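Structures incoming, each one as structure tokens.
Next, two complexes with subunit A in common: one pairs it with subunit B, the other with subunit C.
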Partner chain A sequence: MEWGYIAKYTPMYATAALLTLRIAAVGILLSLVVGLFCAVVRHFKIPILNAIAVGYIELSRNTPLLVQLFLLYFGLPKIGIKLSGEACAVIGLTFLGGSYMAEAFRSGLVAVEKIQHESALSLGLTNGQTMRYVLMPQAAALAVPALTANVIFLIKETSVFSAVALADLMYVAKDLIGLHYNTDEALVLLVAFYIIILLPISLLASLLERRMRYAGFGGTA
Partner chain B sequence: MRDLAVLLEGRNLARLFEGLWVTLRLSLSSVLLSIVLGIIVGMFMTLKNPVTRAVSRAYLEFVRIMPQLVLLFLAYFGLTRVFGLNLSGETSAVLVFTVWGTAEMGDLVRGAVTSIPRYQYDSAYALGLTKIQAYIFVIIPQTLRRLVPPAINLTTRMIKTTSLVVLIGVVEVLKVGQQIIEANRYNAPGAALWIYIVIFFLYFLICFPISRFGQLLENKWRD
Partner chain C sequence: MLLTVEKLNKAYDGLEVLRNIDLSVEKGEVIVVIGPSGCGKSTLLRCINGLETIRSGSISLNGELLNRPKTDWSSVRQKIGMVFQSYDLFGHLTVMENLLLAPMKVRHEDRKTARIRAEALLERVGLGDKSRAYPRQLSGGQKQRAAIVRALMMEPEIMLFDEVTAALDPEMVREVLDVILELARDGMTMIIVTHEMQFAKAVADRVVFIDGGEIVEQNTPELFFTNPDTERAKRFLNIFQFDTPK
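On to the complex of A and B.
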């Protein structure tokens, strides 16, 4: 193990890690928006939109992110839609994550007792108000374990971005292995950086999960 | 449309399916190995011994926290260096997916076994069943019901994750697609779009029925 080599290339990995985190953050936020929208659409069974949401969720959950990215990055330019690697990565991650988040929110909504919905309506709240003030706060709290699991899953999925020419951690590692044959150092840095990114998030997730167990209303949680 | 017709020329379509078969072969062998090893590891995880607990916990956490692609790189590039083992892409893939699948399956088995309430064992013994009979007639049937739906879910995850092997040089469905696109870049310049759409739906057509089946069983067996 050459420690000098590790010291020399750590900044390169740090830059790559920041790129990964930036795209993951944008992708996860957009996934939450898409997921929330799909979950609400499916909960109220809004015609047409419900069918679209169901179709989207099944397509997205039953295909690999890598194939989705290839389609976006290499396929779409053939019909004149040219996207940068970063744009493809964000769109791909959102396309994948949206369905996972939708299922997480939906499982939360299903777990909120029906009487909550009925009571809110009988108090004169509209459907929108019921969702916003009564159902969603409880559903989101119930969905926290699934949501945090999805966040970790999506950050791990970002490792395929090198396939659309983004200089992420995998890309740097592969590059260095090819350039200098310092395979051990390149791989140690790769593993170390993924641990630095994912371990705190994973610990935070289990902490949050424990806190959220008290958030349920009455005896439901 | 002429671009889509490329698939019908020569052996292109057949080759694409051969590529798909490589993907499926890798994922199915990994799933089968993971189920067998996962049951053993899962039993191991239910032991109350602090040493086995710490070991299995560390294994599970490490495998879970690392992206599968990183594990593939470790096996494909790292093992060669450290142990002088020169594994082919396919062997590294089966190795990595089995190590990962075993961890996931082991955790499922552990969850299923520990979720069977104590009184199920006690009642079985009270009825005069021997330990082995209690397992065969009472515990294992209930464990299986909780185990099969998530195991099916793991299978579709495995099939989707297997697409990563193209990045360590295995010639599977995506690679064959790329080869067809490259070979026809002059007579069918737009083929990339269609071929990737076809591959996208091939994955969908394989994974969708499997995950549907899993959901069906889960709803049927919900207790």
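On to the complex of A and C.
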């Protein structure tokens, strides 16, 4: 192990890690928005939109992110749309994550008892208000474990971004190995940086889950 | 008439559940609906506040026809309070937040005035100290009393109760029924589905007996419980008294 080498290239990895984190953060946020929207559409079985959501979810869940990225990065220019690598990465991650988040929210919604919906309606709340004030808050709390698992899954998936020439962690590692053949050091740094990113997030996630499970809504159950 | 149900028919995918229901409720009247399990009591209440669509017939509130495509159910349901058998307080909100949600979001009442009304009502049903509790910290009887108050917050013209004590431990039944009795004394119009016969006798202005999806008999409580008009009501009361010796 050449410590000098590690010291020298750590800043490069740090820059790449920031890029990975930035794209992951935006992608995950957008995934939550898309997921929430699809889950609501599916819950109310809104005509047309429901069919579109189902189609999207199937497509998204059954194609690898790498394939989705290739389509965006190499396919779209052929029909005259040229996106930057970063835009492709965010869109690709959102396309993948949206369906996973949708299913997580939906499982939460299913777990909220029907009587909650009906008693909200019986008070005069509209369907939209019922969703916003009664169902979603409870569904989201129930969905926390699935949502956090998705967050970690999506961060790991970012490792394929290097395929669209984004200078993310994977890209930097591959690049350095190609240049200097210091495979061990390059890989140690790669693993270390993924752990630095993922470990705090996964600790935070399990903390959040525990709070939801044991302390949620003033409860003792 | 406050509420008029005429020739109401309801089916669940082909299965007829309610047949030719005619029921009128005057302002201030307390109707108790009884009948064997599965006869359609809950379905009738659910049709009245639009949780179920009906196959034919009509439902009117203050002379306004409800079962038409243009009905604004949100405003109709404000006039029809409903309390269910299973606990239905919103689990993620405290008792006070449960009470304030609909007045603030639906009626756009400001928090302060709604709060004052909520506190007075909670005090009245003996829950003055529970406004900050979450539903899961309450007993079954407390939950049902809070659910009644939540419905009352919308100042409904009529209240529907669907076996609100059926899931309760016996020692908690009384505290909930007392609240309903007091509402009756205050002149609230109510349709109450219950299996508590003593309570039915005490609270009802009229008893409606449903069997097999039809109204078999409507009678005063005095006559219904001592000398009903129909054979089917007699048989039901006999079985009932046999089932629950008191």
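Keep in mind that, in the parts below, the second predicted complex is superposed on the first by the 213 of 221 C-alpha atoms of A that agree within 3 Å, B and C clash if a C-alpha of one lies under 4 Å from a C-alpha of the other, contacts with A are read in each partner's own complex, and residues count from 1 in each chain.
Here is the rule we use: a residue touches a chain if its C-beta (ideal position, glycine included) is under 8 Å from a C-beta of that chain, and two chains touch if they have at least 3 such contacts.
The model shown is predicted, which means the values in this text are computed figures rather than measured ones.
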In the overlay, answer first, second, both or neither for which of subunit B and subunit C A:C38 touches. neither
Between subunit B (first) and subunit C (second), which, if any, makes contact with A:S202: first, second, both or neither? first
Using the touch definition from the top, say if A:L187 reaches subunit B (first), subunit C (second), both or neither. first
If we overlay the two complexes on their shared chain A, which of subunit B and subunit C does A:Q129 touch? Say first, second, both or neither. second
Pick one for A:E118: touches subunit B only (first), subunit C only (second), both, or neither. second
Looking at subunit A, does subunit C or subunit B touch more of its residues? B
Is A:R61 touching anything from subunit B or subunit C once the two structures are fitted on A? First, second, both or neither. first
Identify the partner contact of A:I177: answer first if only subunit B is touched, second if only subunit C is, both if each is, neither if none is. first
Subunit C-contacting residues of subunit A that also contact subunit B: none
Please output the residues of subunit B touching subunit A within their complex, sorted ascending. 3, 65-70, 73-74, 77-78, 80-82, 156, 160-161, 163-164, 166-167, 174, 177, 181, 189-197, 199-200, 203-204, 207-208, 211
Partner subunit B, residues of subunit A touching it in the complex: 58-59, 61-68, 70-71, 74-79, 152, 156-160, 162-163, 170, 173-174, 177, 183-184, 187, 190-191, 194-195, 198-199, 202
Which of the residues in subunit C come into contact with subunit A in the complex? 49, 51, 73-75, 77-78, 80-82, 84, 86-88, 90-92, 94, 101-102, 105-107, 133-137, 147, 150-151, 154
Inside the complex, what are the residues of subunit A that reach subunit C? 113, 115-116, 118-126, 129, 133-134, 137-138, 141, 216-221
